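Labels for the chains are A, B, C and D, by order of writing; each one numbers its residues from 1.
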Amino acid sequence: MSKSTFSRRGVLQTGAVAGAGLAVPTIFTASSAAAFTNEPTGGTVTLGFNVPQTGPYADEGADELRAYQLAVEHLNGGGDAGMMNTFSSKALKGNGILGKKIEFVTGDTQTKSDAARASARSMIEKDGAVMITGGSSSGVAVAVQALCQEAGVIFMAGLTHSNDTTGKDKKANGFRHFFNSYMSGAALAPILASNYGKDRKAYHLTADYNWGYTTEEAVRTSTEAMGWETVAAVKTPLTQTDFSSYIAPVLQSDADVLVLNHYGGNMVNSLTNAVQFGLRDKLVNNKNFEIVVPLYSRLMAKGAGANVKGIFGSTNWHWSLTDEGSKAFVKSFGTKYGFPPSQAAHTCYVQTLLYADAVERAGSFNPCAVAEALEGYSFDGLGNGPTLYRAEDHQCFKDVLVVKGKENPTSEFDLLEIVEVTPAAQVTYDASIFGGELGSCNSGA
Amino acid sequence: MEAIVLQILNGLDKGSAYALIALGLTLIFGTLGVVNFAHGALFMIGAFCAVTLSRILTLSHTIIDDTQKDFLGNPLKVEVPYVHDLFGQTTGDAIIDWAVPLSILFAMPIMILIGIVMERGLIRHFYNRPHADQILVTFGLAIVLQEIIKYYFGANPIPTPAPAAFKGSFDFGAMLGFEPNRIIYPYWRIIYFSFAALVVGGVFAFLQFTTFGMVVRAGMADRETVQLLGIDIDRRFTLMFGLAAAVAGLAGVMYTPINAPNYHMGMDFLVLSFVVVVVGGMGSLPGAVLAGFLLGILESFASMREVLNILPGINQIIIYLVAIVILLTRPRGLMGRKGVMED
Amino acid sequence: MLGLKKSDSRLLLLVAGITLLAPFILNPFPEGSELAQFNAGYPDLMQRFVIFGIFAIGFNILFGLTGYLSFGHAAFLGVGSYAAIWMMKLLTMNIIPAIILSVIVAGLFSLLVGWISLRRSGIYFSILTLAFAQMSYSLAYSVLTPITGGETGLQPKGSDPRILDAALVNGTTPKANLFGLQMGSSFDLTLGSWVFTFNTGFYIAAVIMLISFYLAIRIFRSPFGMMLRAVKSNQNRMNYTGLNSKPYTLAAFVISGMYAGLAGGLMVAMDTQAGPERMFWTASGEVVLMTILGGAGTLIGPVLGAGVIKYMENILSKINSDILHGWFAFLPDGLENLIVNVLYPFIGKGWHLTLGILFMLVVIYLPGGLVEGAQRINRLFKSKSQNDSKAKPEPAE
Amino acid sequence: MGILEVKDVGKRFGGLQALGDVNLSVAENSVHAIIGPNGAGKSTLLNCLVGKLIPDSGSVMFDGQSVLGRNPYQINQMGISRVFQTPEIFGDLTVMENMMIPIFAKRDGAFRMHAIENMMAERDIVEAAERSLEDMNMADKRHQHAASMSRGDKRRLEIAMCLAQEPRLLLLDEPTAGMARADTNNTIDLLKQIKDERNITIAIIEHDMHVVFSLAERITVLAQGTPLVEDTPDNIKGHPKVREAYLGEAA
């Protein structure tokens, strides 16, 4: 276990400013002497890892935290350097960022916007964090991203899949590596059409909140473009635990595919219920009844157990990928923690590396300089093939994985198998379709 | 028509879960006069009894299989459950497969014990405190219990499937003369419903036909008189608390195949089950059961597409709406006794 | 002073002193020391202390005085927040209209909920308020998304109309202000290795909290406050004394709802964001915990309780295992690991567990909350010193 | 025409006829006792007078106005105060505050929002309360919590609270139930004093014949929900019907 001390305010890290009675007016915590919020002036730089540690996504948060710790270790020159070896950019030297050793603080988002913002603000105001990253829901991501914009620090989103994060709620200081609902739909539709045919009738169950709406919309549009018909779309309350009364009427509707636009506990329960009802053993319109889950995560697959077998869905990344970057990451994560990383861990690790790299290339921690370095940046070797951080909306465009629940898993982590790696070009869309305004970057100065 | 039959089925099934939890709550309120916010946590602990048993049954030793590789390219470690060594592969697998039904036997003594410990150690000191204090201390207990479970089992749901024999669903429609595949219902849910009916019937019979039950019922009606008769009603009430905990726990055990258990499932059910108790009438056992089924059916109807098209969002609030209407028009609930916490 | 009794004036002055000096009091440890982890004197947390203090003071007017246990007060806070954020989107980023509207809207909503819920008392009242709050939460999260922003909530945007404000410089984010004074602006005072932050938003919220606290004292000491305590004590006698208890409880309900709305409006003013989860029933439970933990029915208790819970939520939850190892690094490795393993379940991600245990202990042993605890300790010392003086042998004459 | 006129009042609970055609007239400035064996309907009648129950039939007029359909607090505002069998006081409040509440109710009606005024600044109310406490010899207890007092003191406080409102009709529900003989005598003296000093009508429900015959000017005997007879104490003592229904049972 590493023995290091954490959490200093940037101002005092050199001890240079320590003079009695020196009063400095500041906006947020960027002192007027500094060029931007929380400019690191000492030998260290503080990053804020804001993940759910309590609440239903705590396990996902724990995995994200593992990835962050691993990334910090690698960036500071420890361990086997993981994906730094395969990363196309060679700016990172394993001596921290710009020669400053990386320290970090952690916080609990509780998967609530308020708590997440409180935690992020404490990292910015108290601990002097110059970048905030993490989160495992879009509500939290959008809320924290807006905060970081206001405070003048960079936000590197963790797991957030809603179109809104880099769509209508995009911000100049926020960056997302994870894919989104639109990409899920675009990647899934062709695979569904080729596996299940173009003459299908779909029944959507949709979680009744923003992410559910965008996901339903995305899957609907792209499957309808393939020739599918949408028979019905029913909204289910977020707090629902037993989905039987939503699933039972599906067979009466003449639909032959059920799309579950659910995430987390909702998805685990609705899929479990649907399989229980024996939907997948039925023949409708002389076709096998099928179930689709647009967004998969390994932890959800684990929660749903054997029910995921044979069910299609999409995912940002999976540890069974065989490119050099993924192999390097799986190896160092697996060696350190004893099990393969989840996609949440992957995106968090990559985001940390990308941030560090952008700072190195920009030669400054200034958020505006970092944003400029990230905008329109193309890179490779981080597990998803050639990737572009698009300047217009700060969204990464890269290959999307279509996966299927594995029939014969060899371990509790081996639950999904990759069916198709959908190339980035196929999931790219016009930056303006979701509205929103990026604004201009804020450095807090 | 089919849709309605189907939603009634659904409602009965949902309702049986509500009824079981509410029954336990009402037993505790009726006998001890205690409002127990930790009841949902007992339901959750019951479910985790099933998880624990299946963990025990799958306790394994590892053997290295050189022919297969794990994700890091090392030889695969294969876990072999001890039950395979003890009973052979087929019997062993069958035992693991039947973990949930077996958990009933496992959970029963544990839940009764937890109930008794809870009553003796904590609840007892709150008989004469205001209801608000009871709510608060049991609410605190619920937080503690769920955090402990989370510490050991994590936040992620843990799948605990039903035995393979109960997979799939039964075609009611075909039986009733509808088209096939229109009204199907999973076997396990049918079992859950029957199980709930059995437990409810059992509790009623126990209270109705045994001397123990008679004394408890008398105590529920008038505690002081029964004590004056020289009967140690306190000890019986302690046992009743154990019984109520067992009812909640068993409801939890049997629920695990329906939804994979997680640490907050108790809280998810808690608010709802209180609404059920209040609608049924504080302290009324038949009221709790009736209200459980009624709310289950209403909730199912509210989730129908046809209804949602007219009243969007009604599925989000139906339970609360019903509670508000009932409380305003019939404060003692559907079957509450007159004068029992009526205002 | 200000029409208060001497002891109440002293309490008000004490609270005012502590609040205004909070930046010093909450930052007792020098920057960079191991204990700096426990410093709470940064703007966000200081603001939250006073905002939740207001929320709890208001809740206490209802629960502490009348004994009606509302499990739905977070709904008023949430409604107030939405009102405030809409004001900021449509009218101006100046916080005054936002806060005024949030109080009014929360007051109207609480009037409606209270008018219905107060037909019942006891646990039925609790369930009714809970039902209203849960309905508000569910609807705000889903069907009302066009008004509430649903899961992602609402934030002010550059493209909002904001008819009273001058157009923003292109691309900048709108910031909450009081006639140009930004809520986020701070003033750092460095004394040796200590840094103290004086934040505009905190001081504005603090002044509002002090006013709220003063009003609460006035209410407590007024005939109206006495009537509310009479409701809690014996509603039957009240009715047979020619008093209609319903308007009293309803007034208390609306006042506490307005306090909640004020807190909600201030939350938006300090941190321009409103989301539905602040209406979830656990959020209502939180204010109950604050009030009981501090001491229901006492003046200072709720503020104290709010402080303790927010401190745990923000400070305790940030302690991770690395920090623990850092603290105990001086110990031999085995012992260090043992201590860390014992402590770890209770802090960081386990802070809920600590909260639950603390709460149970308070309800069981200190029904009067931390205030009762303080009184007991006080008495203990007093009687001890008395005993001491008695035990002293009298000098022989 | 008495101050309280009860005409043909009937009340059923399910199958039980609790009151049937009760007629009663209480003359102004008199002490009227209602007696009767257990279950005779005395408490039901009282509850009908104060608005806790609404009779199925008949009328209850107080000073020419009907009390039926009014809430207890409205009836109290008309000038009827009730003392309960077990003292109903504000246990969590101090004796002084207990006294002040009825005085406020008298002055301000059923509801008035005094949220900002200081309670102690209400000079006239504080003084009125102190006077009443002194009348009751309870001035030294004014800062005590009411719940911590003896039962006799609680009863005296309750009566004081009712008197502070200067009611025109005081209803007493077994005011000496469960009291020791000495306390009972004190209460009788107290009530006599009230009767002599103030122009007040008192209706009393009582089991204790000693109390009844010490105080009452007229007595109504209730049995099985109907009045058997109404007369002066002396006539009641020898009445055969009463003996049969009530005293005979007691003997």
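As a working rule, contacts are C-beta pairs under 8 Å (C-beta built on N, C-alpha and C of every residue); 3 or more make two chains touch, one makes a residue touch a chain.
Keep in mind that what you see is a predicted model, and the values were worked out from it rather than measured.
Considering every other chain in turn, none proves to be in contact with both chain C and chain D.
With steps allowed only between chains in touch, the distance from chain B over to chain D comes to 2. Ranked by distance of CA centroids from chain A, the top chain is D. With centres computed from CA atoms alone, C is the chain lying nearest the middle of all the protein shown. Across B-C and A-C, it is A-C that has more C-beta pairs touching. Averaging C-alpha coordinates per chain places the centre of chain A 73 Å away from that of chain D.
Averaged C-alpha coordinates give centres for chain A and chain B that are 35 Å from one another. The distance from the centre of chain A to the centre of chain C, with each centre set as the mean of the Cα atoms, comes to 33 Å.
Within chain A, the positions touching two or more other chains are listed as 58, 208, 235, 237, 239. Multi-chain contact residues of chain C (touching two or more other chains): 138, 141-143, 352.
Multi-chain contact residues, meaning those touching two or more other chains, occur in chain B at positions 312-313, 316.
Contact annotation for chain pairs lists A-B, A-C, B-C, C-D, with touch applied as defined. Residue ranges on chain B touching chain A, taken from their complex, read 2-3, 6-7, 9-11, 13-14, 17, 68, 70-72, 76, 150, 154-159, 161, 167-169, 181-182, 184-186, 188-189, 257-260, 262, 264-265, 268-269, 299-300, 303-305, 308, 312-313, 315-316. The part of chain A that touches chain B in the complex is made up of residues 55-60, 208, 232, 234-237, 239, 241-242, 244-246, 248-249, 251-252, 265, 268-269, 272-273, 276-278, 281-282, 284, 299, 302-307, 319-320, 330-331, 334-335, 340, 410-411, 413-414. Here chain B touches chain C in the complex through residues 35, 122, 125, 129-133, 135-137, 139-144, 147-148, 151, 267, 271, 274-275, 278, 282, 312-313, 316-317, 320-321, 323-324, 327-328, 331, 341, 343, going by the rule given at the top. Note for the complex: chain D touches chain C at residues 50, 71-74, 76-77, 81-82, 84, 88-93, 97, 100-102, 104-106, 109-122, 125, 161, 165.
If you check the complex, the residues on chain C that touch chain D are 3-5, 215, 218-219, 221-227, 229-230, 232-234, 236-245, 247-248, 251, 255.
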